[in-house]
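So that we are looking at the same thing, I have put the structure below in structure tokens.
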Amino acid sequence: MAYTFNFRDVFAAKDALLDGLGLTLQLTATTIVFGFIIGLGVAATAVYGPRWARRAAHAYVEVIRNTPLIVQLFIVFFGLPSIGIKLDVITVATIGLAINLAAYAAEIIRAGIESIPRSQVEAGVSLGFTRAQIFRHVVLIPALRNVYPSLMSQFILLMLATSVASQIAAPELFYAGSIIQSRTYRDFEVYTVIAIAYLVLTVCLRLLFGAVHRLAFRR
Amino acid sequence: MIRDLSWIDPVYLVFALRWTIGLTVLALLGGAPLGLLVAAIGNTKRPAMRWLAQGYVGIVQGVPLLAWLFLFFFGFPIMGVEVPAWLAASIALSVYASGFLGEIWRGAIKSIPRTQWEASGSIGMSYAEQLRHVIIPQAVRIATPPTVGFVVQLIKNTSLASVIGFVELTREGQMTAAATLAQLPVYLMVGTLYFILCYPITVYSRTLERRLRGVR
Amino acid sequence: MAFVELRSITKKFGDHVVLRDIDLAVEKGEVIAIIGRSGSGKSTLLRCVNGLEGVDAGDVVVDGVRVNDAKADLRALRARIGFVFQGYNLFPHLTVERNITLGPLIVKHVGREEASRLARDALRRVGLADKAHAYADQLSGGQQQRVAIARSLAMSPMLMLFDEITSALDPELVGEVLRVLEAMARDGMTMLLVTHEMNFARRVASRVLFMHDGRIWEQGPATDIFEAPRTDELQNFLGAVLN
């Protein structure tokens, strides 16, 4: 039985797809911002904090990195209302994704901080810098520069992972696809278009991050 | 009809783990040979072959796993083949694994010094023989920690097979949550079970990595 | 009281005793060269002076401040002690000028204009005025080391510590660094140098310490140490080194 591919129905729904794409981009951007900031805090705590804080930071990172994102999203989705916090699904998705990203970012940044040789720190100490000054001027920028490629890869993975938010009905690109699929029964065509869209997004993000790298770490 | 959460539910969840593990094993069985092929092709001298390998990796890694799952799930019926959810999931996860394993292994092979290639080449070995007898045995040591780390990723990724209806741990949890409306406790249990499965493997991967660095 | 005093310093790394019962008094303006085999404790001794290493027994006192006191304001003291490392330890992500202005800006809180002026003066003193906007990896080893010296000089230190600063340099680059040191000595800076450069020590040092097995084995004016060694250990050391 021959199957006739029909992409027309998919393209007819392009507004819905664009709306979904917009939310995917929004989720990606906000999650990267919050995830990076939280991850930086967790990394600094894991390296410089008191013993109890370091243990807490490690525990948080291990729990997140050893459980699936979809389960984490379900826990946030059902957990927040049970302690009386009612939020819209987009905020819930952002929170879940940010908590997830922060753990991976923290691990990457921590490795970067620890890769700065002791001798650099000793130079700062010998000049009379405080610990905070050493972190800010001697450790942080070189550390971030060293791990920027890993961070960039992680951010791209995050963009792809926003598709999982479809499972808590966040109307991002993948969810838009499944709605169209259920309406048109053009299953394969819909997901082919979706897959290509993500692929294009991946390439665009890589170019974007490459440009940011050249601008920020310009020498 | 809504029922209460009872002691038997965690037991069902634990039993569902065997499907999670089974799916992971299938994905590895399918993904490893393919990944090895990608790694081998990606290190040849011909730029066209290398581009091919890199292109494959780029496409596999540039599309969300959910999309791969759906593409295989809906793709087979189009070709007239009825494929059960577990097989579609296995194939999708195998392709996904081959993209990541291929990249890890390609990098490991690439890190073996040129001199090893030159030495084995000068005694007349073909590319495949060089790989088999000289390069891969050395690359295995380097590749093992990230590979073990990826196994953890794979276990977590099996959770997405739930979306195409395959009943592994996450799907079992969804069904239990829907039946009891005790969603939070159920998903906390599910998360804990994944953690118990994954964490020891993560620790092992780190031990391997430390041992590798220490020896070097 | 002397400018720098070490009183009965003992230091251990685990079970290994690195410094045994060291006593030393350094007056302002002295240039002290510390020589000895590797493992004799020379670098450790130097690092105890600005607190990079702690001591297990005894006191380290610099300009009246007890360095090994847990409550001491080491930061303020370190801002007045310059330390130059064997590996230069320049900050690779900053230009030469930024490397030098960073300390005065964030530790001494001078203004931007003043910091730039200090940097320019320091660079001129080490002969690298034209390299202000270069990065460390664009400079030779000798140039990097001179920038490291300039970085310390810009803090207007009262004491400079040098930890084998020419040992990592190619031989032809050593001279330019030693010339800078000689000029500093002439200007009256108090200097403690751990060094292998025997000719330099003989010419420039006001006093030479020979360390062996964690103790100050012999000390005295340069001429005494190099021409009239009293102990076998020093004789053997000089024989091996001055070949």
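Before moving on, here are some points about what is shown:
Each chain carries a letter (A, B and C) given by its place in the written order, and its residues are counted from 1.
In this section, a residue touches a chain if its C-beta (ideal position, glycine included) is under 8 Å from a C-beta of that chain, and two chains touch if they have at least 3 such contacts.
Here the structure is a predicted model, which means the values were calculated and not measured.
Closest to the protein's overall CA centre, chain by chain, comes A. Distances between chain centres, each the mean of the C-alpha atoms, put C farthest from chain A. Mean C-alpha positions place chain A and chain B at a centre distance of 20 Å.
Between the CA-based centres of chain A and chain C the separation comes to 47 Å, rounded to the whole angstrom.
Look at where the CA atoms of chain B average out and do the same for chain C: the two points lie 55 Å apart. Interface residues of chain B, counted against chain A in their complex, comprise 58-59, 61-68, 70-71, 74-75, 78-80, 152, 156-157, 159-160, 162-163, 170, 173, 177, 183-184, 187-188, 190-191, 194-195, 198-199, 202.
On the side of chain A, the complex with chain C involves touching residues 119-120, 122-123, 125-130, 133, 137-138, 141-142, 145, 219. Those residues of chain A that touch chain B in the complex are listed here as 1, 3, 62-63, 65-72, 74-75, 78-79, 82, 160-161, 163-164, 166-167, 174, 187-188, 191-192, 194-195, 198-199, 202-203. The residues of chain C lying in touch with chain A in their complex are 50, 52, 75-83, 85, 87, 89-93, 102-103, 106-107, 135, 151-152, 155.
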